[in-house]
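Have a look at the structure that comes next, please.
The letters A, B, C and D name the chains in turn, as written, and every chain counts its residues from 1.
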Amino acid sequence: MVSIAIVGGSGYTGGELIRILSAHPEAEIVDITSRQFEGTPVHKVHPHIRGTDLVFRNKKPSELDADIIFTATPHGASMKIVPDLIETGAKVIDLSGDYRFNDIDVYEKWYGIEHTSDLKGVFGLPEIHREEIKKTTLLANPGCFVTGAILSGYPLSKAKLAERMIFDSKTGVSGAGVNPTTSTHYPNIGDNVNPYKVTSHRHMPEIQQELGAFSDVKISFTPHLVPVIRGILTTNHCFLVDGADITSEEVLDIYKETYKGEPFIQILEDGEIPRLSSVRGSNYAQIGCFEIDETGRLVIISAIDNLVKGASGQAVHNMNIMCGFDEKTGLDFFGMHP
Amino acid sequence: MVSIAIVGGSGYTGGELIRILSAHPEAEIVDITSRQFEGTPVHKVHPHIRGTDLVFRNKKPSELDADIIFTATPHGASMKIVPDLIETGAKVIDLSGDYRFNDIDVYEKWYGIEHTSDLKGVFGLPEIHREEIKKTTLLANPGCFVTGAILSGYPLSKAKLAERMIFDSKTGVSGAGVNPTTSTHYPNIGDNVNPYKVTSHRHMPEIQQELGAFSDVKISFTPHLVPVIRGILTTNHCFLVDGADITSEEVLDIYKETYKGEPFIQILEDGEIPRLSSVRGSNYAQIGCFEIDETGRLVIISAIDNLVKGASGQAVHNMNIMCGFDEKTGLDFFGMHP
Amino acid sequence: MVSIAIVGGSGYTGGELIRILSAHPEAEIVDITSRQFEGTPVHKVHPHIRGTDLVFRNKKPSELDADIIFTATPHGASMKIVPDLIETGAKVIDLSGDYRFNDIDVYEKWYGIEHTSDLKGVFGLPEIHREEIKKTTLLANPGCFVTGAILSGYPLSKAKLAERMIFDSKTGVSGAGVNPTTSTHYPNIGDNVNPYKVTSHRHMPEIQQELGAFSDVKISFTPHLVPVIRGILTTNHCFLVDGADITSEEVLDIYKETYKGEPFIQILEDGEIPRLSSVRGSNYAQIGCFEIDETGRLVIISAIDNLVKGASGQAVHNMNIMCGFDEKTGLDFFGMHP
Amino acid sequence: MVSIAIVGGSGYTGGELIRILSAHPEAEIVDITSRQFEGTPVHKVHPHIRGTDLVFRNKKPSELDADIIFTATPHGASMKIVPDLIETGAKVIDLSGDYRFNDIDVYEKWYGIEHTSDLKGVFGLPEIHREEIKKTTLLANPGCFVTGAILSGYPLSKAKLAERMIFDSKTGVSGAGVNPTTSTHYPNIGDNVNPYKVTSHRHMPEIQQELGAFSDVKISFTPHLVPVIRGILTTNHCFLVDGADITSEEVLDIYKETYKGEPFIQILEDGEIPRLSSVRGSNYAQIGCFEIDETGRLVIISAIDNLVKGASGQAVHNMNIMCGFDEKTGLDFFGMHP
């Protein structure tokens, strides 16, 4: 049994951490912080979480005493508190972008703020970095788009088969967080599709870093907001390197082989295509399609729940690995279709 | 041809006024004001309105020169400018609640602000007040819930047949206006139903005023926010006065007779039930059902588009009446199903 | 550990039974039947259920060998197989309407078919019938609307305080089942609200039977289809018996007292109002509001997930009671907001 | 004034033809046919169309007497009746795929049925084929995806600048037609995104035919069903031919020049991005973005209403051209945002 603190727990990822960890047999939440909601019982903010004694506290990092600390704080805020949290002796799982980049310059360019922490995080995609995750005390949990995109492209990049991948992603609105904006106003996004940051979303360099570590694949990424609450459907339009004379079936085999034994990867075949409802609320990622059209375009499609496999579920998965638990502990539930 | 100014034209009702008036053969918009968007072309705020020269101006009331002025300003703001607008010689159609109440005390109680204007408006529901509308220079356009509720109950109240009406209303989110809030945040209202102000919505006294003018009918009203962009579906659970031994067919006849010749009322029969898509985008109100259950409950259902018949369309209808135009001018288009 | 068979498992309630029972520590699904999908792996029909060996079989009732058999079969079909299932020695939990009625005549009138079985079921609402449920071998799981309505009204009817209840229910589309129809076609119900069977829905007599067992309360019921996948929000417009001079606070107390210790009832206070997202995917029912307006109308609002507390979750709850398990076994997870 | 007949008018495109033509000052609908709904008043099928005398008739082609006949009949059905309709002396506007292909073999391959008519249609995209449209008596109205895709790519193909275009399209569910299916069942597509026919949709060869007429551009196309009623948002991921050293601004200029004077094309600049709500219900197409990322990918985005610019509105536009009317007649209304 490990003790858990959640820093900045009033957002959607905070709510999901509580939802998941409440049913985790090896974890107990001992603290949850929020400056804005200090003193407020958790159910007033997360109306589905009831019957707990949890109340938001406004504690300083040094006041926290927990084995594992999740920081569900905004970009820029995490790096200001993570060093102090590490000082307490806790292992830290940071859900912000602050510790995801190998190259600080890339971070500073895309996030537009100075990086002020010397700590290095391990990029928390278990399917790629499991061994480093086991040993780290600072885990940088990947971005939601990033998770969906990388999972759809990793086997091909690793096999040095891909020249170019164009990730056309469709995301649910919860990815924008808990604060209402013009973009998330129901009359603006209901019955609508809104492309945004078409060539300039800051999840792009993160995808580039991870997939580019294996090959020279060129990465393009365009997100679209769709009238969906949860989920990211990524259509990876992929072009192979010259001379890669490979069939659909062979691509499928590469994916099955690469993800063999992965507890949360579901490879779809026999004409099944990933869709959001199959993974809704769960930590599973579905990957499928593997069709090649007459122009040589290969299509790989992935579906995840942005708040679970794309955030809090993956964070718990990482915790399980860091603590030596069975990886599916607390995450062994199916998606919710319909 | 009349010249039109719209004061406070950056919200949804402003957008709808432009959409409708742009195709109105007897009207020309000469001015549209907004403090926030001064100098901004209209299409930057209303992305569907293009190819016009309209630019938001920050003009004082006294600077406006138009035959008809629509005030799409918030409650409380309208009463501060309407007297000056009337001074310019214009006829004013106010879309706020400021001039809807016969009794200022009722306004002050429900809106919680002092009423500072001496002017009296005519309550702009053409189906009840057509003759006064023809003569007025200050038209108080009814609230959206109010329009749907009154239309469903007016014939029975007028016939002194109803003892009690319970209006259970389901509204689209555009009724909350253009500004994003926690309630209108897509992840909070998508796939959800949220009752609010269950016994305390300020449209209640407005319904009471209008239906109570004809009989002692008791009025209850509860609104629900549903994941819909436009439209209000009102289920009027109605109980008749003692001794009112009346059949479904007779109720239907009363409605047909009361609304005979009304250009925007569609009475449904033969098992057809009003629904939002039938009136979406149009100025029509559908009224139907007229069923009586074993406990004596009579159900009347109405459907309107809250932004059209519930706001801007009705405002243009009132303008047509005030100007002596054919009432359907500029409003003679069907709803948009699907 | 009990062995489970699911008869007619290809619909939504079948999918939910599998989703829930797969994580139930005391249950193992040994058989799942479907005539239409014989030989098909479960994930081809329920795309979220993966990694199991479950395959639909077309077995006769007498071929099933399980401790508990859930019949997720249509009305009329259940009564043809349940007697044979009982013969196998299994306990049967029937999700259809066939065994819900004390009075066969009521069933035959509202369902329009002859009732051909002599068996009597126990009405499976644990909050009312727990003791009988413990002893029965034939459990009639309540209808979805019925569950939401009864829970909102039971304490008042039991206290003989209510003269009349008008249930205005808003249901998600999954309540219509897995088969596409004109009503469930996305363009027809998206962005829409559709009242149906306004005074003639067959869940009405079921509500009447249960609430009418405690008092002479008059029951009215009107369902509305809303663009939601899961959930039923019931607005109970309630009128008290003559002389019942009772306050909001006293009503709240009655509800808290009546549902004291109930594992799946959440009574909301302090201005919180039930909404669908709070219970989405969970077996909880939220009950709240308790406001009384100036006309004496008392409003009680309940929210459930129609497929869980309104169907499969409640069925598992009943199984837990029938088997003597802790009642929350396998159901101890929160709803999914957002 | 021209007389109009609509053959097969019970679907969504039939409904839209009536909605639009009812307000068209130069057109009068004299006949509307449907085998299934013979004798039924139009409002029983199209609940928003009221106050007309229109009743569905089951007439043979030779019995129709109209200046313009719209065939809103399925693929395969059109070619069986169009020759007889042309025989009556009418001009025919066919909304099916039957007459869209220059090469019958392509049609037969992709539609899987034999083509049995000798007539040749003119492909009815006014922005490309206006001059031929003016002269034809058989107009083949383009497919919905096709319209959105071609408009986004035509200027570049015409300028021989594009080597490859990948059309990633997101469509509203009304594109699937009026008949309910598993795919269009609300619980299956609500809160979901479903890619389908990922590399094999039959609108692909139609796009190929039209864009390939100008250059050797390679075409890929993948449609996604999104929880939207109307609209197609097409993201055109475009790669330029070798040596095409061109800026965003130059691309924008090419689009503005190519579509100069086009009454229904709206080119967006200054950071505005097309979205569905801006064109909802209207015949406008929005085209925008024109951004180039670091890998050389150029993104063009288009938005149309699939039932209007993608079907019935474009058909009326074509009628206006064929009849010599002002092209905007009856189509001069804005989209409906929100």
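Here, a residue touches a chain if its C-beta (ideal position, glycine included) is under 8 Å from a C-beta of that chain, and two chains touch if they have at least 3 such contacts.
The chain lineup, named per UniProt: A, B, C, D = N-acetyl-gamma-glutamyl-phosphate reductase.
Nothing here was measured: the structure is a model prediction, and the numbers come from that model.
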item: Taking each chain's C-alpha mean as its centre, the one farthest from subunit D; value: C
item: A-D or C-D, whichever has more C-beta pairs in contact; value: A-D
item: Distance from subunit D to subunit C - Cα centre to Cα centre, in angstrom; value: 45
item: Computed distance of Cα centres, subunit C from subunit A, in Å; value: 35
item: Subunit A and subunit D, separation of their C-alpha mean positions in angstrom; value: 38
item: For subunit B, residues contacting two or more additional chains; value: 12, 172, 174, 187, 190-191, 227-230, 275, 277, 280, 338
item: Complex contacts: residues of subunit A adjacent to subunit B; value: 12, 172-174, 178-182, 184-187, 189-191, 227-230
item: Subunit B residues within the subunit C interface of the complex; value: 164, 166, 168, 170, 172, 187-188, 190-196, 198-200, 218-220, 222, 224, 226-231, 233, 235, 237, 273-277, 280, 289, 291-293, 295, 297, 299, 301, 303, 338
item: Footprint of subunit C on subunit A - complex, ascending; value: 12, 15, 19, 22-23, 44, 46-51, 174, 190-191, 229-230, 266, 272, 275, 277-282, 284, 332-338
